[in-house]
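Across the two complexes that follow, chain A remains constant while its partner is chain B and subsequently chain C.
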Partner chain A sequence: MSEPLLAFFYFFILVTAFVAVFLEDLLSSFIALSVTGVLMATVFALLRAPDVALTQAIINSGLVTSLLLVAYSQTRRTPLPSEECPECPFWLQWPSAALVCTLFAVFLFRGLYSLACVRELGSAPAHFLANTLEETGALNVVAAILLDYRAFDTLGETTVIFTAVSGISLLLAGGRYVHSGRGLSFVVKRGMALLTPFILLYAASILFLGHLTPGGGFQGGSVFATVAILICVVYGTSFEAARISPKTKETLESGGALLFIVVGLSGAAWGTGFLANLSGPFLPGTPGSLFSGGNMLLLNLAVGLKVGAGLSSIFYAMIKILELEGDSWQS
Partner chain B sequence: MAIMSFITVSLLFSLGLFTVLTRRNAFKTVIGLTLMESAVLLLLISWAYIPDGWAPILPLKGGGVDPLLHAFTLTAIVIGACDLALAFAFIMKLNKFERTVDVDVFRRLKG
Partner chain C sequence: MIPVLRFLGGICIFAGVFFSFAAVVAILRFPDVYTRLHGGTKALSGGAVLILLGALPYAGGYPGAIKLLLIAVFFLISNPMASHAIARACHRRSLAERALERKRGERG
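Coming up: the complex of A and B.
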């Protein structure tokens, strides 16, 4: 890895972040924020973290930007009054905030600088790197940590996603569904129809090869959610709701959670503990083949179902209101 | 290398803090939160990097970088996206009642 290249990317991360903060136009600052996300993904790839780079590119700069744009299009904005408030003196406004933030940056850097030393692997990461193949049968060490060594954490994480989906559905419920947009033009619809199988294939390859190559349930599920979002945008919401009904998404999400729990309990039933992998009823298989790594394929499928269904229902709950008539609804 | 990352992380985090402190548009507050989160992710990944280390995909041809921090960062990204989605839902709901995204107007709970 070359340091000048990294410095170049760091510089542009800061520049795009400044643009995102100080631009008056909200739409442009969202795009600048998305560019920051893509540059961060590139830096992660340069720093030898392919899994994290993939997740950052798909989730943070893809899905979050689309959610931002939906939320932006949903809100009515009366012009904001100027940033100055008349009661408080000028120095108490942005200059004091800038001073506090500069001091914070200096002290944060000083603290981090005292951490700088020759890095060596701790005992746990060294153990993971040395023994993953024998202990789990997987080739991707990050997936092995997420789905074998610390699988209970992943179960908790999917619970967080479930909580977020429930909260959003609760907050945005009550809007009645009146009419749907007709979608985009004929050419875009045909193009989307041709593209969909390939995007699905890409999602499936990320999902099912997660224990061998960078990827896994979170990334693959997010690409599945992207397909649902694209169909929503291109064909209109009612088409999407007819093809993949919200009920189906709910069932898929619950099915993912159930699959995770059942795989975990099968280890407990074997007598070796919740979410036991190779010590439980699962076989290691040939390293490098699709059916290897014990229960990791099943757990990736469970996480993918949960993330894909969850994120697409978040998008659906948000865009549903956009399709409603202006003020005809109350809650 | 590490010093460069630390400078970027401190600047990015305090830029996000500045945005949260000074901007009154709720969307700008969310942008500030995103920047602070990005700074933390960047710190974790640059801390996981070991010079001449390989990506944690077996078989390794030498020493590897820290896979445990990568797993933590992956978790943090997914949970951060869910948090942001919830924040957008709150903004949309508040906007429905107050017809604005100015955080100074959201004072109904103020005693």
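Coming up: the complex of A and C.
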């Protein structure tokens, strides 16, 4: 492991985090934050955690930045000077931010120190690394833990996304749809049309090979949502809503949840318990092939449907509010 | 053959680093949106693509090299597109007429 390289990256992560906190301009803060996300993804990849790196790269530098930009276009450009904000006490402003950044730094470099020491695996990680292939039939240990050993937790996580989507849709939708937005210029539309099939192929490969290679339902679904967001921005929301209507997204999201629960209940019906994999009705298959790992392919598909449809409908609900108040988003 | 290729790759990487450095200087020093965009585009078109091409001999075999080439092609398609969209948006909103220097003067 290359500790000097990691220390270098940690230093720049801290610098960008400080810059994001202390900049006056919100837009510059978002850009600094997305740089922090990209550096974190690089660090995760260096620490040999490609699943986390993939999630970090897609979510933090793609989706979160675009959602923040939409929210930003609804707000004031610079924050109020501190004397005009009496309900926010002094200690809640930069001292607490500096404290959080310092704690972040301490934990980062503490982790670097413990990386340099000799490590011994605990009993649970050793068990997972040794027995995952025969117990679940999956090559990707992370996917096996998420979708087999801890599948019930994953069901809870997808419920969190469902709740977020419901809340944002309730708050922002308003029930009517206004046809507006002509999209960007011809060049961008043609270029996007050229790139979209490749991005979709990449998303599908992340999603369906989640039990073999780094990736899985969450990451693949996020890339699908990114495609929907790009189409929303490039072609205008009316085009996006005509191709993939909000109703279809709702159906896909609920279908994902339903698929997850049906897969779980089929294990219970077999008599071995909720979300039982190989002890239930599912076959291990040949290790390394597409149809292996029992129910993991189905569960990845369910999570991907849920995350992709959910995140893209969050973005759609937010951008629709923008277009209700004048055609300000489109250039 | 391989040492020659690696030498050429090293030259490409140095050229890419030079382009990226020049782009940073351009973004910091140029006066308005269009010239800054012109400078900033070089960071990807010239810098990142040259660095990827320079990394080809170090990729260790064809699979890695083909991936690097595909990333370079992706950059070459998407980067001019993004710059075009930004420039067009600036033009539409007539941000360009308002020189950045004046904005700085108002704020500071």
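Annotations for the structure displayed:
As a convention for this text, the second predicted complex is superposed on the first by the 276 of 331 C-alpha atoms of A that agree within 3 Å, B and C clash if a C-alpha of one lies under 4 Å from a C-alpha of the other, contacts with A are read in each partner's own complex, and residues count from 1 in each chain.
To be clear about the criterion, contacts are C-beta pairs under 8 Å (C-beta built on N, C-alpha and C of every residue); 3 or more make two chains touch, one makes a residue touch a chain.
No experiment lies behind these values; they were computed from the predicted model shown.
Of the two partner chains placed around the shared chain by superposition, chain C is the only one that A:195 touches, whereas chain B remains out of contact.
One of chain B and chain C touches more residues of chain A, and that partner is B. Look at A:184: by the touch rule set out above, it reaches chain C but stays clear of chain B. Once the two complexes are overlaid on the shared chain, A:240 sits clear of chain B and of chain C alike.
Once the two complexes are overlaid on the shared chain, A:253 sits clear of chain B and of chain C alike.
Taken together, the two complexes place residues 331 of chain A in contact with chain B and also with chain C. Of all residues in chain C, those touching chain A in their complex are 74, 77-78, 81, 84-85, 88-89, 92-93.
On the chain B side of its complex with chain A, the touching residues are 1-19, 21-25, 27-28, 30-32, 34-35, 38, 41-43, 45-51, 53-60, 63-71, 73-75, 77-86, 88-93, 95-96, 99-102, 104. Chain contact summary for the complex, chain A toward chain B: residues 3, 6-7, 10, 13-14, 17-18, 20-21, 26, 29-30, 33, 36-37, 40, 43-44, 47-52, 55-56, 59-60, 63-64, 67-68, 70-72, 74-78, 80-81, 83, 85, 93-94, 97-98, 100-102, 104-106, 108-109, 112-113, 115-116, 119-122, 124-125, 128-129, 132-133, 139-142, 145-146, 150, 153-154, 157, 160-161, 163-165, 167-168, 171-172, 213-214, 218, 307, 311, 314, 317-318, 321, 331.
Remark: chain A residues 184-185, 187-188, 191-192, 194-195, 198, 331 touch chain C in the complex.
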